[in-house]
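Listed after this line are the structures, all set down as structure tokens.
Next come two complexes, and both contain chain A; in the first it sits with chain B, in the second with chain C.
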Partner chain A sequence: MTSAWLAWRTTTRYRARSALAMIGVAVISALLFDMLLLSHGLVDSFADLLEHAGYDVRVLSTEGVPLLRAPIPQAAELAVAVGQLPEVESVARVRFERAVVTTQGRPDVDVALLGTTATGTHAAWTLLKGAELPNDPSLERCPLIVAQRLATAWALVPGSTVSIRATLPGRQSALPAVGCRVVGTADFLFASADEYDVATTMQGLREVKGGAADDEADLVLVASRPQAGPAAAVRAIAKLRPDLRVYSNEDVVAQFNRNGFAYFRQVSVVLSSMTVVFAFLLVGTLLTVSTNQRLGEIAALRALGIGRPRIASMLLYESALLVGGGGVLALPLGGMLAFGLDRILRQMPGVPERLHFFVFAPGALVLHLALLAATAIIAASYPIWLTARLPIAPTLRHEVVG
Partner chain B sequence: MTARLVRFAFVFLVGAATITGVVRAAAAATRSSAEPVPILISRQLSTRAHVAVGDVVTLATDPTGTTARTFRVAAIYEPTPDPMRFTAERLEARVHLHDLVELTADAAVPASADAVDTINVRLIDPADAGQFASDLTARMPGLTVRPTSRPPEGDPFAVLDRFHLAIAIVTVVGSTAFLLALMVIRAEERRETIGALRLLGISRRSLLIEVAIEGVLIAAAGAVFGALVAFGAERIVNRVFQTRYDTTLVFVRVTASIALRSIAIAVPLGIVAGVGASWTLLRRDILTLVRR
Partner chain C sequence: MMPRATIVEARGVSRVFPMSAGPVNALRNVSLSIGTADYVAITGPSGCGKSTLLHLIGCVDTPTSGAIVFENRNVASLSEAERSRIRLMRIGFVFQRFFLLPMLTARENIELPQAEARVAAAARRARCDALLEYVGLADRADHLPSQLSGGEMQRVAIARALANQPALLVADEPTGELDEETGAHVADLFDRVHADGMAILVVTHNPVLASRASRRLTMKSGSLTS
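Take a look at the complex of A and B:
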């Protein structure tokens, strides 16, 4: 009889306790698995969103958090100059404003109004119905692409008209509402669940702002040429305009990882460590108590000629069965739990709907399995030491006669 | 006059007004003819810029220093911890509002000399905040008026509370399974003892009460021990994160109500696990228990 078979017989003999131990390991391992997914999930998801937008370099006027709004002046001129760099494939300007959309018979609704020169595959949205914003802004005064949620709520279709009025933060505004035509509905990449996004051309945005002839942009997006790469484009733009801040997607993600994601990374580290220690303590305790209960049985096996290494490997197999069984159950359980926890965290205000906190990564799975294997080995070490030192005759006499 | 110059951009908050500025710390005499006005510097800024109380610093709203003005550091202060910005380095300073306005006002825009970003209002009765905000908005359209208390919806901390609660529930479920497994082992260990007690005439009910009392004692001891571990961990966790982020923000606070809630959950679970595991033995007949 092999050690593995002996371990299997022991596990199946004490079904109730084995099943309960596996359930415990499964629940704790599911939490561990989720914390490992959380450790990189948000950053990976954020990086994916940035990549999806089609631009790999971002130009801003200031660094750090946008606590202060500092737009880039003469942005059109900058875009032309940047576009002429050999490392650059395309450039787009973006301007953000708050606005109110009005239509007859419905209450006004606040929207995030995005003025942009980006269209087509390089736009930060996926077109669902209608057409893209026109490349030639003179074709239409104020074309709009509205978020699908707003289109559904207000029954807007391509061709519908709405009125938009810009609101100025911290200032009283008497800007008139401007009639705009919906040209398409879209799923916006960075839209959060608690607000509606609406996009228009830079010309359209100027109209909404009362025709003010400013040439500012909050952000200039740059797509580098594949043969040059974003790093070369960043260097070239920084050399062209040293007064501006230029970031590649990698820089943005690294900054996000350092600042915006710090809380979740810490939660992930603390909870991962705690769950591993917790699983080790519980499996170790269960095995130790179980071994203590079977000391007579183990002494009898030793007396029959089964050596210490086989007894040790039997206990190791028992630990592996408990942790392995629970670990296998933990994967689907962890998936369901991650889904639920992700739904809770995505209720945070301002979080883009397409951003996820828990994202599957093969590395997390490998680490999860490695941690469980280590837990199984460490948890079995004390019972193994206990049985290795077991005096056969006194134990048998104590167990049988006592 | 060898000046020790330290320059860097920082976020400059005074009351509710915000500007981006540049600090020049001069260890020696001032270059301004006027007596420098007082300024308070955050601890982090003072460390970063090597500025001490009594030093004269020059502030400007642009890197070229065209609107520079000198201030004397009156005190170093610890910024109020902000959980929304705990990863940000708090490079801040405070001056009187009129000093800031002098520094930032644009001569071409007369209104800029009387402009602020925010006005904080303290009401006689804080419960009137909602009504006050609504009245003021109606009288002055275009103003954004809102109570300073956290809004019930869209509060990120309410979301984090739900997240932590969900994790706590999962942990309790996992622990309960382990506890049950341990109690099953323990009940099996006492099989013959229970059989002997039954043979002596002690009823199932009495034995169940004994197991329940034992469960209460063990669970209460475990819960109290857990609360003590949490109190101990609180200090360690706070110290680690406060050092890591250079803040006085309290990250973990184990309150009496949290400890009581944990005990209130742990004790009944301990009793149920003990009684449930023992019941599988107690319901058997006496001869089976004594292996006859």
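Take a look at the complex of A and C:
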């Protein structure tokens, strides 16, 4: 006949009250759980996405503002020089353009056109059908890897041909359309829900842009040698070309964590704190009301010699049962809610579909449980204080007179 | 004949309750001694201080002046934990409103003070069976209070009060919530408890119950008269 057993009997005796409390705690804790998943989810997912791209160092121009950097000139020469560094395993140049894809009998569609020297396991896509972009650009004038969603929508298969024309932001383009052959279909790592991604070789991109012989890259991706690591590669490249900005994936994630993600973290902290307070208020109020209703009973127990520690621990266990029961229910509920919210957020324009806002991490679960345990203890504190200070004789007298 | 040892003694106790309208003198210089085989009934009009005296003797309250000496120990000098221990082991309380825990069965209610006293489960069960038999509720052991009548609940409460074999049974209007016939059954049970050697202090308006006591005291305006 322990305090936990007495608390269990009380909880099961007042089923409706207990069920309401647990449901309330479950809903509130589900939100808490989701906020904890959100507090690190986007950063973890972003880091994971960068790792999956197969490169751990990024080289950018120092010209322009962070999101609108000027391209790096003489990028081919840079790639060769970087590729010769002992810390570097492979190098790829990347150029981003907007383009319009046309095919007979269908309306034109805007695409994000990616010109790259990356291919195979180091490409920012997972090939689903067909072949990778050829390593030798002279083999094919304009080979294309198209996003699977576009391939499905337009019934494109490897071997299909489409016309593609580069567009210039804010200007009418007079560039002619170029016929390109689809060599493969793929899932692009950074594809967003609101646009189609198409990749070609740097040579193919030049063709689409009217044959202009520029040698620029928006980004140079570098894979460091495993024995050297990205930090050494960053130092070597920065030494080679101090006029460029060089970041490891870790640097990019840290910067993202400081800047882009700060809002999410602040929102998460505020909402987490509020949900903890709500859970405390809900359980604290229920326990206090329930204790006030049982003051006569508690005074009688004290008169019978039942000690304060037993009554206090009974209330603490009762709180733990209500919060614990709700907390357990909160996990699947929070999981479902996170899944739904994640789907909605990933539909935002420009957000890669593979980027997740809510990512499960064992640390989030541990923190969730710790916060709930603290809530249970704090919520039980006032009722415990109330019963500890309860004057027995006046309470018994009041019960009889009342 | 065995000499009667004193269990509890009130020595010139007064109890003043501070109220917003001014202090209320609930007890005025009351002295009372209860020995091992005593059966004391205190009667008197409502508000005369009967329950206040019972609470002082039952160690749930302390006097404003004077002393309550329980088994040769001045209660006022004891800590709350020590007073709680005395209530658990040496005093059995019976209340007008029974105050059984609604989520526990009759058996579990009776076992509760024994569990607090760390009596082993087997011994608790044996004592509980004996007490249920004693109060005539062996067949109601697994019933919740809500499934018992008022008289049955009071009998369970008496069994609970006897669970740790106390020296003194204190009862505050134990028949106050019962009809005449059921009250008489409870009075019979008190007779039996007393006959078995336990000291009893009962505060009551019930003349039938009071008439069973070996000492009948009357209280008026906070003072005792015989």
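The working rule: the second predicted complex is superposed on the first by the 395 of 402 C-alpha atoms of A that agree within 3 Å, B and C clash if a C-alpha of one lies under 4 Å from a C-alpha of the other, contacts with A are read in each partner's own complex, and residues count from 1 in each chain.
One rule holds for everything that comes next: a contact is a pair of C-beta atoms (placed from the backbone, for glycine too) under 8 Å apart; a residue touches a chain by one contact, two chains touch by 3 or more.
For clarity, every value in this text was computed on a predicted model and none was experimentally measured.
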Chain B versus chain C as contact partner of A:L49, first or second or both or neither: neither
Contacts of A:T12 with chain B and chain C, given as first, second, both or neither: second
Touched partner set for A:A30, first chain B, second chain C, both or neither: first
Touched partner set for A:A112, first chain B, second chain C, both or neither: neither
Which superposed partner A:L304 touches (first chain B, second chain C, both, neither): second
Which partner, chain B or chain C, touches more chain A residues: B
Chain C-contacting residues of chain A that also contact chain B: 14
Interfacial residue positions of chain B with respect to chain A in the complex: 9, 11, 18-20, 85-88, 117, 140-144, 154-156, 159, 162-163, 166-167, 170-171, 173-178, 180-182, 184-186, 188-189, 237, 241, 245, 280
Chain A residues touching chain C - in the complex, by the definition given at the top: 1, 6, 9-10, 12-14, 296-297, 300-308, 310, 392-393, 396-397, 399-400
Parts of chain C lying in touch with chain A, wherever the complex brings them together: 51-52, 55, 58, 60-61, 80-81, 84-89, 91, 93, 95-97, 99, 101-104, 108, 111-113, 115-117, 160-161, 164, 172-173, 176
Chain B partner contacts - residues on chain A that touch it in the complex: 14, 16-17, 20-21, 23-24, 27-28, 30-31, 62-65, 67-68, 70, 167-174, 194, 258-260, 262-263, 266, 270-271, 278, 282, 285-286, 289-290, 293, 337, 340-341, 344-345, 347-349
